[in-house]
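One chain, subunit A, appears in both complexes that follow, with subunit B as partner in the first and subunit C in the second.
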Partner chain A sequence: MSGPLRPSPAPGAVAALARVEGHKLLVHPYFLAGIAFVGIGSAIFLRATLTQPLVSWDDDGWTVAVGFWMLAMMTMVGANHAALRDRREHTEEQHTSLPAGPATKIGGLLTATLWPAAVTGVLIAAIAGFASTRGMSLSAVQVVHLAELTGIVVLLGAFGVAVAVWLPNPFVVPLVAIAMFVVHPGEQSRAWHAITPFADMVTVELAVWHLAYVVGLAALFGVGAIARSTRTRPVLIAGVIVAGIVGVAAAVLLARACPGACLIG
Partner chain B sequence: MEPWPIELTEVSKRYGGVRALDHVTLSAGPGITGLLGPNGAGKTTLMRIVATVLAPDEGSVRLLGHDLARAHERVEVRRRLGYMPQEPGFYQQFTAFEFVDYVAILKEMKDRSARHDAVRRALGAVGLEDVAHRKVKGLSGGMRRRLALAQALLGDADVLMLDEPTAGLDPEQRLRFRELVSQLPHRPAVLLSTHQTEDITAVCERVIVLAGGRIRFDGSPAALAETATGRVWVEQDRNEQAVLSWRMSDGRHRHIGDPPAGATIAEANIDDAYLLMAGVTAQTQGAAA
Partner chain C sequence: MRTDHLRYAARSTTLSPIVLAASVSTVIVAVRHDHGSALPLQVAAIALAGGIGFALDDPAFEVMAASPTSLLRRRALRLLVTLPPAVALWAALLGWQGTEEIEEALALVALAAGVFGLSLGIAGVAARRSPHGSGGVAVAPALFVLLIASSTVPPRWRPLPLGDVPGGWPQIYAGWTGAAVLGVLVFALSSRDPATAIARRVRMRRGGSIVPTSSLSGSRPSPG
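Coming up: the complex of A and B.
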């Protein structure tokens, strides 16, 4: 009786939980710390646009991207922290007696990562809008790259949830976050570039493929997290589809953009 | 004929070599059934099985006519079940309202406005409406206990499982709890596990005494008290023959067991009966061991 509670997530409950968890993620100290990083990175860039000649997104916009990368990291840790709440607060027993089971909770948490992503999108649009008033309009590739930052927030948020589900230990995700900065597999740090917007995606087509790769990977982590508590046919089919998208996108990127370098360092 | 809301047939549960429940059969209808027993009697195991948290090793459990061995029937039951565990957990960073609302969502209360009304009603029923927007970590132990009760009361559950709900409550809060549980308008089937015989006397129509994983008594509180009639006596000094004895405030000793000839027999109450039953069970088990 203590096994899977219901065959699949309850859609109404997922949406309601997403509202609650999304709000909690936005006021989570980790996310607020991420916002501070965004503020610092963006302030450096915007200050440059006001005080220096010849400022460009390509040469100076990296501080903005790093700020949002930190925000994504903090979202990952925050989502992991939220997903470990039942274990931490000992509410598993009383929640087991409720009709909506773990799959619903995980679905709610995964959907909740769209809230930080939405905030990311709004902030990026505001920064890009301000920069454009300083004569720094974005190219089509740059627009996709900035959009990808939103996808990375969802991706790392979903990763944080998936790790909480499969490796329910509060130290795992913070260690992963640190490792992402410290460990550089291979000769260059390009392994991590595989999921960042800086992976030499010089054409719109490649940038869109990379965006598909990021979004697909986020969905794969999401399906993986849900599969921990329910392995129904729709979940398995979704897993196969998103794995296919990720595989195709990765293959295209490896073949066209940076053979042998981007994804495996 | 309507099925009993709670029906257990030959239910057994083991933890390693320890038999927590030993072929327990019971039925409980609407109204409050008290579950008394010493620590380790199997009360919490029984509560967890009926609350659908734990599966029995043997036997069958039916709630509201549904067989708990079937997954989809368990989900049906859970929609109509309220459970307050012995050691409830809380989301410390949530407010009291948010915490109960979270449970309401997991109870699949879909309409947001109706759900919030139900949450407010549950918090009001346990007297927490004034601290609804205070974080759980800032609530006292008694308030948290009432918060756990509020989440169990959500949605007018048809079966209510309350595992030691008055532990840690002050006398006034206990009185409020009794008033609340005894006046639930829709008259659910309530299984109330407790160490407090006063709670049983005050609100239960029926009491089950569990010891060593078996049912030792099943009847009304008055009938339980009657089992000790003629087996309680008062003497100035302690009597070593008694099953249990204790010194009272007036200096005399109250004894339970088999009274000696000429002893001053006292009126038995539910405490005496319970202690006698638990004491005899312990002695029997000790002798058997």
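Coming up: the complex of A and C.
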């Protein structure tokens, strides 16, 4: 017989689960659909660079970014689908007999979202490399925004897992994805737009704050998901630290992203 | 049709996604009520369509496959329980939100019919292919993918237009009506009773002699 149930995630088991779940996530139809959208966005950009005389990242690179946003949303749906597998297959009860607790499984699922993020990073590097060969120099803000796309994939993946843990209904996350796609923040710039994941910042400093906000929010969703099954001291401390980082970053963005120019509310 | 049938169908239908979709739809229209926009009604239609997809989930489909009631009839009963309330709610939301012109209302009705039809088609195929008889989980993500894919097509050729397109109202009506027809056709095709197909094959092998469709042995292949 194995020993007593581990309340905290077991690092070795988390890494093993992350390898398996990460691979499954990469070949998941939802993720592959996201890759197709990245392909479409990149192809539009590629065509513009090859056919138009004056091309800039600001004017033509947005299709690439939109493709990666769609990839992030598909990662969210895929991660949620994976996290609800036990519920769907009615294997929750069987898995309670394993030596590793649910926190390990959730940790594995959360870590698995790094795989799509790594693929995103490679694709972004390839596109940025191609842009530089066509004489398009990326500004520092644009580089941070591109790097942030990787964080957004992790953020939405972690959100998908957290929703599966707290609201285990397979309809919730697809509904959120549809709402994110259909509902736009609006033409008029408002202060709260700065704390949406897809917001663009105008200075490097604010872009770095937004990156910190996105990464912090991803960690917060991760800690929140693990806290569903285990509330040990390290988990709670991590939660407080991460919440602090997110709170400070959000406050900075709300106060400084568009002082005077944005409407309040 | 006896009301017992509907009662049993309601009892065995997954209703929580539909209730969730109805709640979200009502809240969205309530929040954006004064903005005079079609967007809340579009979101409501898509959400309700996603919820309707779960109506075809039937974990007991393998057991029920041997009953004399055909797959189409069993599915129709489930839809009879869920579709009319969803349509009624969306119509009430349309009346509440209102539109600026009749063409816009017609376009929204076409959109609702289109997403409902697509939802049925996707759910029908997914439920048939799923080993557990549950296809609802695939509906909302598939709708999401279809909407994104449609938005990547140039506006002139966009099959599922959500906003203004060069073809105007006729293009919107045609696109969504086509989607509705296609969805219903796929649903009907995916609802062919597997037992009937087996019986037909057996009949053909025996040179036209009739065998009863309920005489299924344990050798029935899994649907899909």
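The criterion applied here is as follows: the second predicted complex is superposed on the first by the 237 of 265 C-alpha atoms of A that agree within 3 Å, B and C clash if a C-alpha of one lies under 4 Å from a C-alpha of the other, contacts with A are read in each partner's own complex, and residues count from 1 in each chain.
Simple rule for what comes next: a contact is a pair of C-beta atoms (placed from the backbone, for glycine too) under 8 Å apart; a residue touches a chain by one contact, two chains touch by 3 or more.
As the structure is a prediction and not an experimental result, all values here were calculated from the model.
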item: Superposition on subunit A - do subunit B and subunit C clash or fit; value: fit
item: Subunit B versus subunit C as contact partner of A:Ala13, first or second or both or neither; value: first
item: A:Pro99 touches, of subunit B and subunit C: first, second, both or neither?; value: first
item: First, second, both or neither for A:Gly121, with subunit B first and subunit C second; value: neither
item: Residue contacts with subunit A in the superposition, subunit B compared against subunit C; value: B
item: Touching partner for A:Pro168 - first (subunit B), second (subunit C), both, neither; value: neither
item: A:Thr91 touches, of subunit B and subunit C: first, second, both or neither?; value: first
item: Vertex subunit A angle, Cα centres of subunit C and subunit B, expressed to the nearest 10 degrees; value: 70
item: Shortest CA-CA distance between subunit B and subunit C [superposed frame, angstrom]; value: 7
item: Overlap of the subunit B and subunit C footprints on subunit A, listed as residue numbers; value: 89
item: Subunit A to subunit C touching residues, read off their complex; value: 30, 33, 37, 40, 70, 73-74, 77, 81, 88-89, 169-172, 174-175, 177-179, 181-183
item: Residue numbers on subunit C that touch subunit A, as the complex places them; value: 16-17, 20-21, 24, 39, 42-43, 46-47, 50-51, 54, 132, 134, 136-137, 139-141, 143-145, 147-149, 152, 162
item: Complex contact set, residues of subunit B against subunit A; value: 48-49, 51-55, 68, 71, 74-75, 78-79, 81, 83-85, 87-93, 98, 101-103, 105-108, 110, 112, 115, 148, 151, 161
item: List of subunit A residues in touch with subunit B within their complex; value: 1-2, 4-7, 10, 12-13, 16-17, 20, 24, 85-86, 89-100, 104-105
